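Several structures are given next for inspection.
Each of the two complexes below includes chain A, the first together with chain B, the second together with chain C.
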Partner chain A sequence: MTNDHRIVIVPCSGIGKTYGSVSREAAYVATEDLRPAETQLVALSLLVLGDEQARAEVADNVSITIDGCQLACASKMVKESGGTIAKNYAVLEVYRRHRQFKPQGIGELNAGGQQLAQALAEEIAQEIDALTLAEQTGGQHG
Partner chain B sequence: MVDLPQKKVGIVACSGEERAEGTVTRLAALQVLEQLRAQDTVTICLPLFLAGGEGDRAFARFYPTIAIDGCDRRCAAKATEMYSGKPAASVVVADLLRERSIGTAHRLNEAGRQAVDWTAEHTARLVDELLDRRWDRRAGEFFDEHKTTEAAEPIEATCACGSGIPVQMVEIAGQRVTLIALPVIFRQFHGVGRLPSDQVTRELLDMVKIYNVVPAEQEADYLAMLEQEYAAYCAKVTT
Partner chain C sequence: MTGYLEVTIDKFTFRVAPDRWYTREGVWVQPSPLTPFPEGEGNQRVKVGLSDFLQQRSGDVAFAEIKPVGTRLVVGDEIASIETIKVTVALASPISGQLIEVNPALETVPEAINQDPYSTGWLAVIEPTAWDTDRSRLLDAAAYLDMMRHAAAEELP
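Then we have the complex of A and B:
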C-alpha cells in the first residue's frame, strides 16, 4: 500500500458484549503492532456523525471491518459512508475457528479474549498482505 | 394496575477508537453500568442509532440519556440528538482531564486510568441527579417540575446490542405508525389477566399515551386500533 492509500480498519463499537471488545483489541493489534504502515484506524462514531474527513478516508480507501455481533454496525456504516469492504470479519466466526481462546470480560478482556484478538489480528494482517500484493501487481484480489 | 419496572438512565459513550479519550469514555461507561450504578443504567452502542431499528432510535426518548464524549467533536451527544433524542446530560472527557498525557487508545497510562475513574464518578453523580427528576417519554425531555401528572415508570431494561426499546408498527387511519412500548404494554396487561373490553381499551390508550404522542383528533382511531390489536395479541398468546 502507498502512503496515500492505506487500508482502513473499522472495528465495531460494541459496548455490551465481549465480542465487541475483541473487535476493538484486534483492530489495535493489527494497526499498531502488525501492520502500522499499511493501515489506518477509523472511529465508527465519526462515521455515525457523518464526519467529512472520516467519510472521505473510508470512501477513498478499501476497508476491513470487524463486527462483534450480527447487527454488523461497522460494515453497515462503512457501506453507508460510500466505502468498499475488502473483507469483513465477524468475531463469532473467528471464535469458531479458534475455540481454544474463549473470550470473557468487556472492559478488561481475559487471556482467552486477548489471544482471540491476536489470532484475529493475524488473519487481518494476512489479508492486508494479500491486498497490498494485489495492488502492487495491479491484479485483482478476492 | 400494570406494574412497570423502575426508571433508568441511558448511557451512550462515543467509544472513539482512535483517541485515548475515546477509550476513557468506553471504560467509564462500563464502570458506571457494571459497578457504580448497575441497577439504574442501561446502554446502547452508538452506531445502532443508524444501523439498528426503530426501537434503537427510541432509546434517548425513552431514557433520559447521558452522552459521554472523548473530545469536543461530541459524536455521542450530536449523533444521539440527531437520530434518537436530545441527551439529558453530556460529559466531555477532554474537559475533565487534569493530565494531558493519558496514554494511547490501546493502552491508557496511570493518568488515563484515573481519568476513567473521574469520568465514571462524574457520570454516576449525573445519574443520581437525573433519577431525582421526572422524564417525559412523549416529549423526550423532563417534565415541568410544577406539573402534577403521574409519571410513568420505564419498561424492562434493554441492552446495548440491538434489542432496543420494544416497538410495534400498527396501522392507524391508513397510516403506518410505530408505537413505543406497545408490545410490553400488551404483555403486561395480558399477564395480569386483563381481557379485551372497552374499559381495557381505554386503559391501554392511557398507557400508550405515556410513551407516544397521540393527537387528540385521532384518539378514536387509536382506540379502534388498540381494540383490534389487543384482541389479536390475546388470541395469539392463548393458542
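Then we have the complex of A and C:
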C-alpha cells in the first residue's frame, strides 16, 4: 500500500453518543498508532458537507467504515460519495464480542470504552493487513 | 401480525399491536393462540415482550438476559434485563406465574427485539397463576396507545 493509495477509515460522527465516541477513538488508534502508513482518516462530517477533497479520497480508495448505531451514517455516506467499502464495523457487534469492555461516557470514555476502542482498532489493523497483502499479491480479499 | 395501531411524533412512528395487553412500562402480554383466554386458570400460556415504543426509546439492544425457565414470578419481579447502547433496563413481570419458555434466538440475535418486537423479538412464555386478576391491571391496545402518545409527546420535541 503506497502513500498515494491508502485505505480510508471513516468513523461515525456521533458526537455526544458513547458508541460514536468508541468508533472515533478506534479510528484514531488505527490511523495514528497501529497503521499510520497504510491509512487515512476522513471525517464523516466532511462527506456530509460535500467536501470535494474528502469525497475524492473516498472515491479513489477503498474504505473501512465504523458505524455507531443502526443508522449506519458512515457506510451510507461512503456509498453516496462513490466509495467502495472493504469492511464495515458496527460498534455494537464488536461490544457483543467483548462484553467485558462496557463503554460509558461521552466527552471522555471510561476504561471499558477505551479498551473496546483498542480491541476494535486491532481488528481493523488486521483487516488492513489483509487488504494490503491482497493488493500486493494482486489477489482478491473477501 | 397486521393492522397495527400507529402514532407518528416528529420523525418517529410507534406501532402498537392490537391483539394483546400492555403494562404502562411497555411490556406486552399475549395469550397463546393455542389456549385462548379466558378459559379458566389451567393450561394457559402467555407470551411477553417489549412494545415498539419501549424498544425504540431504549435503543439498540446489545444483550438480553432473561430469567431461567422454571422461575416463579410475582407481578413486578424482574423477568429480564435488557442492555442497550443507551441504558440497561430491568423489566418487571406483567403477571404472576411460572416462566416456562425463553426465546432462544435472543442469545445470538438480541437485535430481534428492535427489528421485530411483536413477533420474533418476544422474550418469554409464562404460565399464569392469577390471570384474571393480573389482566385487570393491564391496558388494552387503545389505552396503551393513548398513554404512549402522551409519554412520547412529552419526551420528543
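Quick note on the criterion: the second predicted complex is superposed on the first by the 141 of 142 C-alpha atoms of A that agree within 3 Å, B and C clash if a C-alpha of one lies under 4 Å from a C-alpha of the other, contacts with A are read in each partner's own complex, and residues count from 1 in each chain.
Heads up, the rule we're going with is that a residue touches a chain if its C-beta (ideal position, glycine included) is under 8 Å from a C-beta of that chain, and two chains touch if they have at least 3 such contacts.
Because the structure is predicted, anything quoted here is derived from the model rather than measured.
Within the superposed three-chain model, A:Ile7 lies out of touch with both chain B and chain C [touch as defined at top]. Shared-chain residue A:Ala86: touches no atom of chain B or chain C.
After overlaying the two complexes on the shared chain, residue contacts for A:Lys76 are found with chain B alone; chain C is out of touch.
Of the two partner chains, chain C is the only one that A:Arg96 touches; chain B does not reach it.
Looking at the superposition, the partner that touches the larger set of chain A residues, chain B or chain C, turns out to be B. In the superposed model, A:Ala26 lies in contact with neither chain B nor chain C. In the superposition on chain A, no contact is made by A:Leu131 with either chain B or chain C. By the touch criterion defined above, A:Thr18 lies against chain C but remains apart from chain B after alignment on the C-alpha atoms of chain A.
The interface of chain A with chain B overlaps its interface with chain C at residues 17, 69. Of all residues in chain C, only 59-60, 62-63, 85, 110, 114 touch chain A in the complex they form. The part of chain A that touches chain B in the complex is made up of residues 11-17, 20, 24, 27-28, 32, 41-49, 51, 69, 71-74, 76-77, 80, 106-107. By the touch criterion stated above, chain A contacts chain C in their complex at residues 17-19, 69-70, 92, 95-96, 99. Remark: chain B residues 13-19, 22, 26-27, 29-31, 34, 43-52, 73, 75-76, 78-79, 82, 104-106, 159-162 touch chain A in the complex.
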